[in-house]
Amino acid sequence: MSIVLGPNQYGKAENRVVRITRDTARHEIVDLNVSTSLRGDFADAHVTGDQSKILPTDTQKNTAFIYAKKHGVSSPEDYALALAGRFLDAAPAATGARIEVEQYQWDRIPVGDTGHDHAFVRRGGDTRTTVVTVERPGHETTGERTTHVVSGLTDLVVLKSTGSEFKGYLKDEYTTLAETDDRILATSLVARWRHVGTDSDWNKSFESVRETLLEVFATTYSRALQETLHAMGQAVLERHSDIAEIRFSAPNKHHFLVDFSAFPDVENNGEVFIAADRPYGLIEATVLRDDVPAAPEAWLATPGFC
Amino acid sequence: MSIVLGPNQYGKAENRVVRITRDTARHEIVDLNVSTSLRGDFADAHVTGDQSKILPTDTQKNTAFIYAKKHGVSSPEDYALALAGRFLDAAPAATGARIEVEQYQWDRIPVGDTGHDHAFVRRGGDTRTTVVTVERPGHETTGERTTHVVSGLTDLVVLKSTGSEFKGYLKDEYTTLAETDDRILATSLVARWRHVGTDSDWNKSFESVRETLLEVFATTYSRALQETLHAMGQAVLERHSDIAEIRFSAPNKHHFLVDFSAFPDVENNGEVFIAADRPYGLIEATVLRDDVPAAPEAWLATPGFC
Amino acid sequence: MSIVLGPNQYGKAENRVVRITRDTARHEIVDLNVSTSLRGDFADAHVTGDQSKILPTDTQKNTAFIYAKKHGVSSPEDYALALAGRFLDAAPAATGARIEVEQYQWDRIPVGDTGHDHAFVRRGGDTRTTVVTVERPGHETTGERTTHVVSGLTDLVVLKSTGSEFKGYLKDEYTTLAETDDRILATSLVARWRHVGTDSDWNKSFESVRETLLEVFATTYSRALQETLHAMGQAVLERHSDIAEIRFSAPNKHHFLVDFSAFPDVENNGEVFIAADRPYGLIEATVLRDDVPAAPEAWLATPGFC
Amino acid sequence: MSIVLGPNQYGKAENRVVRITRDTARHEIVDLNVSTSLRGDFADAHVTGDQSKILPTDTQKNTAFIYAKKHGVSSPEDYALALAGRFLDAAPAATGARIEVEQYQWDRIPVGDTGHDHAFVRRGGDTRTTVVTVERPGHETTGERTTHVVSGLTDLVVLKSTGSEFKGYLKDEYTTLAETDDRILATSLVARWRHVGTDSDWNKSFESVRETLLEVFATTYSRALQETLHAMGQAVLERHSDIAEIRFSAPNKHHFLVDFSAFPDVENNGEVFIAADRPYGLIEATVLRDDVPAAPEAWLATPGFC
């Protein structure tokens, strides 16, 4: 028996890259939070303290900013693909690179018919995300690289004020929840979807998936958050042949009907709710095609595998 | 010399009141965070422990929810006025009530031409705020009440990618900042404005002030964040005769030009920035009419006077 | 009638200053979050955009770091006094400087009898705070300066599992709260206390006040959080003749007894509680000497007067 | 090809369970944040909306509170084991249960020699964590259950003011970082360690691991954060034969030496640093025994597998 180094990765997290395109008087802004990490043959850094194979996280940071200029950011996916490829070129010991990007959306400030040329207001709401991983069979090889592109969004807060029930569930001696035919259903959705290839129209695809998620959430009668998520995932896969898999993490943001029974002059027919913080139901689910190879788990995970 | 009780107040903070109007199939949603507090002759509760004059914070909570139904929420200002009045009626020892409301905005999920009837997506971005205070000369009196209505917003994140300079400032031996003719100017604006009376069209007024703030931010050349804020405040007061005063708290969200001088093949003509977290400049200013009586400071302050 | 500039201030917020003293092998660490601001004759910056009287926030930042070395940080109060004085010297247009400091505490990692010489673990728990304001009658004057020192702490989370009641309160038609003889009382205390002069032993004084707050909270039977706070404040003033005033902001962190009445085999005699997030009672109070002049409100307030 | 349901789980997150033991006048407090989830044959809930196999998250919440009384909380691990077992009994369709617990530490308020009987102050600093998973080969089976216990901590913030270098690393054309022989090394450590069996003395084991982590961090010269983590993990495994594996997620909390070169009268010999927020290096690593079977990845992961 011996004690050995297991899975490991390192990188620079949360580089706040803001790219202004100002080739004309009508500027464009791209606002990103970029996290990079490398995996590979880095045992020496851990075991003996020898850093000779380590491309510093500071260099990774520099590269993230430089690539915002040299390569540009037509989409977070395209930018992340370029950055991952660069790191495999620059770090011979690396067998894999993982780039995660969050994108914050800005709107032009409404002045005139087309909005202001160089003044923007941050949109708020959901954040677009991307995780790109590129692997090669061994370090310093010229073999073929394997690439996974996962697109997604976080903090898409949606709510239905009716059209949602929850009943017919399993009961045990500790069950006190009353069945309901009509409740508020609300969640702050995190969704991530994996593309089959690497040449989608990333921006168009993102908008289409987001629209599908919203539309199906709105128009589907809900017997449980699980059913709603499944319908949303199924629709996304049906409409996008280049998406192999979609995953959801959906907190059930409980809105409890306030009990007015003690007040004879006030009734509450589904009109006044208290929005609760904790605890919350948490529903997590995957919808996927059964004929597409699985992706390596670790590369899809959110940062912090510990 | 003796030790005495000084200023004090108590209430229930952050009641998350969600009001659905469902008189027709086309629902409306109002989503609020309501904080209430009372001031007055409550020394007994502090000094002897006698609670007989204290209207419990739990009752304040109940009332906040009940009034969302009984009075309704045509605007946060109108709802807060009703709630403050109620508390002065219900708590004879109170000489003042202060109601603070945050309102989160929701949009209909875009389905069909007019959006879905009962499915909503949270807008994100800035939050609308209101602080209403109602005072009376003494407790249990029938004397005239004094009312202040302060409307506002928080987290309005705006950015100009050009049209901003900073130069000609005072220098001492510790100054290293280089003057600049062209920089990114960005802030996450908090603004609060005090109305002269209590019968404005609150929703229309709010939209008009918000539009003015955005428009002036966009269209004014900036020699400093101070100048921009002043121009924004002046325009608000010029366009709204019922507003006596406006206050700003504006962190200068620094976007530093990334230094590419070490990399011969990359240049940075105002195109790549790093968005910094801390430290940040913080500019706070008031613009007001010189012929309007001042409001009592404490009632305008954000909660937590300590 | 005209529109004019009202109260305003500007500065650099949240400078994260870490000062290591390494004159011997046994290092010391002081870990601060420093916010500076200036008031005075700065109307030109707002109204005409002329920055010639403005000492940039970037210079304020530099000075905060430089003074951590040149002056040192024997206590946050002493450091803040030096910094405020410096800014009045450096910015002739300033009539006042306000320095706010948060201090994070570190312990030596326990190795051997006296802890490690240069390895530390952050203590967590409450944060020590200071607000120092220095004013002069007019700018560029040599007149006498007025100084206020406010010390404090935030996030001191305390809880009593018995010895707390709440009953005998005012009831109206919306009251549903049941009276109780025995409940959990818990708060996350913010306290700030104003010193009479400027030559206290700041570190010793802070420890003594903190101990008093804890001891009185523990040993006083509570008929309401108000009564507990008052007793704590009274004790602080009785034991510290150099303290003129103390202010509290105390959220009532509700711990609700979980209702087990539906489960015949489980009882709950004050043993199982749910810690709630929102809403929460919020009690704010001041205890002060009646023979000490009041301090100017605005200078004592937390940042963000808007 | 068809579209199918993939991995899924559901449960109640962040139940804030506070358990007071008051059998004598000397109370004890246990303060937990409990998240539960179930996996298994729950496809009907997703695909057809049939909830008949679903034990509601509300029932899971009730059970978490009831078990704090019925079973008690001698340690978070022991409590989580009981809770996981209960859910497999109560939900026949479940093939696995995962319980995650955070424990917040409280100290007695120092009054007298032994601290107060029923007044406590929250310790702050790091949080103890546990993840317990119990699986069975199929649902409704009586077959043997497989159990994994992972203990851990988060937010252990440690810093060395010397004894840390970083040099000899790989350089490319985008590298600008200067090598250093002496820097501040600081991290906010997350660590999780997996036990071989299920009958350790959980509290004693936790204290011992925590002490080992601190001691090795303090006493090991660091050529990189990677080397320090590896040494910490190796020591934990050497001293604890019942621990199979330990994982770290360690942000490199950068403390940059402030550049005083522009100020002739001030020097900075490793004495004044700015603590930076973002970006930060992020080092993640595993140290494990090579003769112990791996645990299923998904069950060890933090919540939110999406």
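General remarks:
For reference, chains read A, B, C and D in written order, and residue numbers begin at 1 within each chain.
By our rule, a contact is a pair of C-beta atoms (placed from the backbone, for glycine too) under 8 Å apart; a residue touches a chain by one contact, two chains touch by 3 or more.
Since the model is a prediction, treat every value here as computed from it, not as a measurement.
With centres computed as the average of Cα coordinates, no chain lies farther from chain B than D. Here B-D and A-D are compared, and the pair linked by more C-beta contacts is A-D. Between chain C and chain D the centroid-to-centroid distance comes to 31 Å (mean Cα coordinates, whole Å).
Here the spacing of chain A and chain D, counted between their Cα centres, is 23 Å. Centroids of chain B and chain D (each the mean of its C-alpha atoms) stand 38 Å apart. Residue positions 15-16, 62, 66, 174, 176, 263, 277-278 of chain D are each in touch with at least two other chains. The part of chain A that touches chain C in the complex is made up of residues 173-174, 176, 262-263, 277-278. Partner chain C is touched in their complex by these residues of chain B: 1-16, 35, 37, 42, 45-59, 61-63, 66, 90-91, 93, 166-172, 174-177, 190-192, 222-224, 226-227, 229-230, 233-234, 237-238, 245, 247-249, 251-252, 278-291, 297-298, 301-306.
Chain C makes touch with chain D in their complex at residues 15-22, 27, 29, 31, 65-66, 68-70, 106, 109-111, 116, 118-126, 155-163, 184, 211, 214-215, 217-219, 255, 258, 260, 263, 265-277.
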